[in-house]
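After this come two complexes, each holding subunit A, first together with subunit B and then together with subunit C.
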Partner chain A sequence: MKIVGVCACTVGIAHTYIAQEKLEKAAEKAGYDIHLETQGTIGTQNELTPEDIADADIAILAIDVKIKGMDRFDKITKMTVPTDIAIKSPNKLMEKAAQVIKQRQNA
Partner chain B sequence: MTVVEEALDPKAIVVNSSASSKDEVLKELIHQLALAGKVSDEAGFLKDVYVRESEGVTGIGNGVSIPHGRSVSVAEPAVAIATLTTPVEWESLDDEKISIVILFAVTDSTEGAQDHLKMLSEFAKKLGDDDVLDSLKTAQSVNEVIAAFE
Partner chain C sequence: MKSAFKNLRLKNHLLTAISYLIPVVCGAGFMIAIGMAFGGSSSADLTKSFSFWDALSTMGGAGLGVLPMIISTGIAFSIADKPGIAPGLVIGLAAQQIGAGFIGGLIGGFMAGWLVLAILKYVKLPTWANGLMPMLIVPFLASFIGCLIMIYIIGGPIGWLTTWLTHYLGTLNNSSKVFYGLMIGVLASVDYGGPINKTVFAFVLTMQASGVNEPITALILVNMATPLGFTAAYFIGKLFRKNIYNKVEVETIKTAFPMGIFEIVEGVLPIVLNDIVRCVVATGIGGAVGGAISMYFSANSKVPFGGLLAIPTMTKPMGFIIGLVANILVTGTALALLKKPVPVDEKEEEEDTSNEAELNMDDIQIS
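Our next item is the complex of A and B:
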């Protein structure tokens, strides 16, 4: 499974990056590929290319604020959650993502 | 210098603080940041930290909280850390009391502060690693606190 996503919190200094690390760790544990872009005070890092998004099975948007380039995810299955959820329950989020993809494949 | 050495001024690390409330520990850490020359106005920064507190929970679970404020009272982006002898009440994602407080001081303007802010973000990322938090909880000296992040 290939996951892309964006992390962005209100101040853009702490939650954004903690959420990124938590999700990366959880994805690694579950054996998934993950590429997360961060949009914080220092700007956009680890930016997703259109190819990254086109190749992904699902997008996880862990965001508390409006993000730049939201329209990039128009054509992909996505889950949007607050950064708090990504920090609190990253493993559950991975399970949920797998479920969502499975349901879509069966539909 | 490593990211950790750059982010953590030993003056801004308090091991086994006896602070008995959220307000006390915030004031203690802000005072240490002022001593380290990172905060110019303690009361002003405290006010801005509380503004962020009012916007959402800063306890990230597992007994750790990450209060932070963007403020004109911050001279240079920095981090302060306190480990507490007695956990204090603090709004958190898992409703647990807080025994580790990591305060981020952020300048109001990002101009000229990009490198420091990047350093803070790299530092924040480490807090997503449970191994780091576990080591932090058992740290009994300033050096052990710093070592927890390396």
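Our next item is the complex of A and C:
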């Protein structure tokens, strides 16, 4: 399973990167591929390419604020959560993502 | 009804605007704080003679003066994307002109964003006139209608409300001041620069824009004391021969401390997340003490941001320093007492995922 996503919090110096780290760890543990872009106050880092997004099964958007390039994710399934959920329950979020993908595939 | 309210995503738009506001507050805030610390005046006429410190203070003050426009533009942009920017700016200016200040900017931003969305949805033009839509119809109609509403309908009442609030806060007796300080302290300290802290920030910034400096001073104090308290806890723990941080956390303290001096709380987050409940309890108690003391002594920073640099702008800096020391000691002692001891060379624990918080489906949006 391949996951892409964006992390962005209000101040853009801490929650953004902690959410990124937690999600990456959780994905690694579950054996998923993950690529997360961060949109902090310093700007966009680890930017997603259109190919990354086209190949992905789901996008996890851990965002408290409006992000740049939301339209990039128009064509794929999106899960949008506040950053603190990604920080508190990253593993449960991975389970949920897998469940959503399964449902979509069966539908 | 509840979902209709949720669909407005008020909080999301406000937080987006605050994310644009904060760098302005920091940049301009540091300038005015440094300038005023060296005796500069924030209302110098830069076309006439002025000192270097006057220039710094005045430019900082000018930057802070446009905050109602920034918040309005940010909200409008969050709601309506690029077409929201122009009307958001103009309506924010209208709010400022009519004396509706920060609250006016806030309401004006929502108005601007929704007006743009409504115009894009309901105004239908023949094909030949499509080019007029982005250049003329949207910016003109949204700014025009928004400014009319701001100036002739809501601006006046918001101005009165602000004046009343300023007057009310100015006449508070000591016990109510302590109560407000306590509330600000607790709310500002329990989520380490997260959404609650920023909402309180928006509120106290509004107060300051209306000339009431004490609430924001309490917030500055708590935002400094929280990370400094974490640092103090390390040493207080040592006094009890108790080691409360692991190696990684000690490294974190080394960066959190200088950030705390300049009022950036977020440095301690990695430590907090390892042990949320104990940390929140400790900083909440400390924040309550610090906020209450600051308000009791009416410590009054003239700048909205700056940490240590805010102190020289106060007419009652002693109250601030007493509150700061008290807050640091209380937070530090509480942490040192509450936190479990860890061996000095403990390896990073394998994270336990079994007791992770359940997901609340209200927080997750799937599309």
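Simple rule for what comes next: the second predicted complex is superposed on the first by the 107 of 107 C-alpha atoms of A that agree within 3 Å, B and C clash if a C-alpha of one lies under 4 Å from a C-alpha of the other, contacts with A are read in each partner's own complex, and residues count from 1 in each chain.
To be clear about the criterion, contacts are C-beta pairs under 8 Å (C-beta built on N, C-alpha and C of every residue); 3 or more make two chains touch, one makes a residue touch a chain.
All values derive from a computational prediction rather than experimental measurement.
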Overlay on subunit A: subunit C relative to subunit B, clash or fit: clash
Touching partner for A:64 - first (subunit B), second (subunit C), both, neither: both
Partner chain(s) touched by A:77 [first = subunit B, second = subunit C, both, neither]: second
Touching partner for A:19 - first (subunit B), second (subunit C), both, neither: first
Of subunit B and subunit C, the chain that contacts the larger number of subunit A residues: C
Superposition clash, subunit C against subunit B - the stretch among 41-49, 185-193 or 203-211 that is involved: 185-193
Touching both subunit C and subunit B, counted on subunit A across the two superposed complexes: 10-11, 13-15, 18, 25, 41, 64, 84, 87-88
Residue numbers on subunit C that touch subunit A, as the complex places them: 12-13, 15-16, 18-19, 22-23, 77-78, 192-195, 198, 264, 266-267, 269-270, 273, 351, 353, 356-360, 363-367
In the complex with subunit B, residue positions of subunit A that touch it: 10-11, 13-22, 24-25, 38, 40-42, 45, 64, 84, 87-88
Residue ranges of subunit B in contact with subunit A within the complex: 52, 55-57, 60-61, 66, 68-70, 93-94, 104, 106, 110, 114, 117-118, 120-122, 124-130
List of subunit A residues in touch with subunit C within their complex: 9-15, 18, 25-26, 29, 41, 64-66, 77-82, 84-85, 87-93, 96, 100
